[in-house]
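Naming follows writing order (A, B and C), and every chain is counted from residue 1.
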């Protein structure tokens, strides 16, 4: 069983999102990036799968910036192999374009399963796993919280719906899975181990051609009205309670019968 | 211009609010764009569920393979419906179903996808989608291309449409089978709550004063459809289990509403909840640091406010 | 194993002394332990953890271990449990030690928890056995240079509230006398920032020629090292040494005793050797030139930070500062100086509060606050950035709000110098 895990870096929300307010464009060069947290979950589930049934795990990232540390960390955690897809790419590369590049690579390889984070914070144009599945024309399930091997090269999934409903799904590989959460919290790779891996193991680099154009030409970003300090609700208990009910109604948070 | 297609979603209690919101918005847009609306529904009883929707046409896929929701089977059906109806917009609630079908359809039919949409605005016959990105820190304004797009819509984006329509009803059948099979659907277990999964948290701190006051918080949470969480001192005092604790040494939560009652807002606490969509703080000290993180604040006594609020929410 | 049997000799002469009689009754060399020692050996084979095997279970450590006073834990117990086959790698005991060094002070066999803990913890981290909240602190430190997970770009933002210029070395472009290594909690925690602002004003008033690294500074990393992430510590140390090496200064002054420990003992091993002093040592020497304009009519007690006191032997400097404050009555608690208690934050304890709670009847900080109140103190003075948040929280949780205040010595000193009008001493 060969498992591909697709990883990507997203802008770090702990730091400022750098926005040119006038043009509404993000200054991708000036932001710092972190691995997408859902991708961490996907990698963890793949590594659990490896421990359970000897799957071979390949972590893949498109070189939209410095993705080496992310890939070395994947190796330190237990991935068997890491691949960096290089080309004329930068941090502004859309999901749509990344999914194209990734699906082109996956198609040429002999993977039985592709795992990736079900979503990412920087999505405007959708989710990598769904797009990759669509481009490959493979079956796909999102919001998955468990991946196991069944018999006869079948894969068993748990998919979650709102309200806590869960479906058990069986699918013949190959398949693409959007992981919401791994069965266990993502493991920790100690700094010493990551540094040692970085010195002793090489990242396989695969070059790709120019990606397809983005799906949208002109996306403008704006900041929502800033919250700042709390707006104080004045009045006695009854007045405050009435106002809070109104606020809940405005935010669509009133429970509907 | 092609129609606006809404992929509907149902639960045991009927069509979801998010679906009805899409229907209402679709009707409004179709009117100004001079096009029609089509609703697609899956599963047994889909015809009956969709028959009163305020759309021009309903397409229902009811047969065997649709007995339970199967992402791959529904995607196959949707791909075919889209090929045949050539919609300008395909609207799908941004739930598990939306995450399954939206991106899958986009990839297979090569249609641009706009995810996490919270609004669709029309001007001079052109549509702009507003999308919540970067965990709500930015809004993206995306011009919908002339050839149309797929939008997955965040629940709560618009008012729900009315069910007063009389659409043409069509059922489809065919081979939509897939290598994917749903073995069974499991109801959620009733156990202690997972506060990280709750949309609404009523969170109590030292201001609760005594465990005897906890029922006030329980009743309010119940009336709001949320659960009770707390800050560290409440767990330290043994009044609530550790699983309910928000903060550095507890859970990190991102609910839609965080109602902080009697919580001063130590940095260690703020670390666990500052990303909540809406924060309302109840604290007699207007200078408490929770007010820095909150959107709304009040200094009335939480022990008076909680029952007053619960009463209103139950009554309404 | 064979049971030992008694032997008696008719004539026994030992070193020329005749020992005939009942007293020459002795046993054959006896089996004194019938334990499988493989688990103990597994631990003592870890480089750094050898001395755990020296324990002869006298129990002196148990009497002085702060963690044992609120739970069931001490070095002797660790030895005994390991001897009985409970691996320290899997035991919660591994994460309870705050590396306060009180056991080593009294241990006749020099069982050295200060070496054992980081060594065994490092192994546990590698095996994926460390508590999740600790790993979060590690990840934050690796990513942002601080364990709190605050923006690395905002590390110098506190300087805006100082009210005096705080030169950042990269902009100053000139040598300074004092390179002030601020550290994380003083740069980010709201109460830490207040103490940093106070210290900046003191430096300015005393005409100290100083500068900070600003965003070029990262956590000194000593507590991460003690908590089992040596690789992370080395990465941080390499970074800080590289940054410090860019500038010319005569000495480093640190706010944080943990950083003091790192600069004194660990950074030189990695090529970063500079004279370093804790801020209380630096200011104590300058006391003669300090102009106090106000007094504090309060009973003040002082909590010795483990890493300034027991680890590095400095007990006098902070006290000399407190004694110099006009009107102050300095009282000593029962546990003070060498026998000082611990706030619970050291050795990674700062990031293990959730974990520790399950194994302790109360937090060490709460125990300490109660002691300060018992001695009638109205102000608990501290000189380690971990302590203000820990003790302030403990003041509230033990119900002593309004009865005792927690203040950094820098805050108190700035107040008496008329530099801290905002400080409310009630």
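Keep this in mind: contacts are C-beta pairs under 8 Å (C-beta built on N, C-alpha and C of every residue); 3 or more make two chains touch, one makes a residue touch a chain.
Just so you know, these numbers come straight off a predicted model, no measurement behind them.
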item: Chain pair with the higher count of C-beta pairs in contact (A-B, A-C); value: A-B
item: Chain whose Cα mean lies nearest the overall Cα mean; value: A
item: Mean-CA-position distance for subunit C and subunit B (Å); value: 47
item: Approximate Å spacing (C-alpha centroids) for the pair subunit A, subunit C; value: 39
item: Between subunit A and subunit B, centroid-to-centroid distance (C-alpha), Å; value: 20
item: Per-residue overlap in subunit A, given as positions that touch at least 2 other chains; value: none
item: Residues of subunit C whose C-beta touches two or more other chains; value: 149
item: Per-residue multi-chain contacts in subunit B, two or more chains; value: none
item: Interface residues, subunit B side, partner subunit A - complex; value: 11, 17, 68-72, 75, 95-97, 99-100, 102-109, 112-116, 131, 133-143, 145, 152, 155-156, 178-189, 197, 199-200, 223-225, 256-257, 277-281, 286, 291-301, 304-305, 308-309, 311-313, 316
item: Parts of subunit C lying in touch with subunit B, wherever the complex brings them together; value: 133, 148-149, 189-190, 353-355, 357-358, 389, 393, 396-397
item: Residue numbers on subunit B that touch subunit C, as the complex places them; value: 206, 232-233, 235-236, 242, 245, 248-250, 266-268, 271, 289
item: Subunit C contact footprint on subunit A (complex, rising order); value: 12, 14-16, 32, 34, 185, 187-188, 190-195
item: Touch list for subunit C against partner subunit A, complex; value: 122, 125-126, 128, 130, 132, 135, 138-139, 142-144, 149-153, 229-232, 234-235
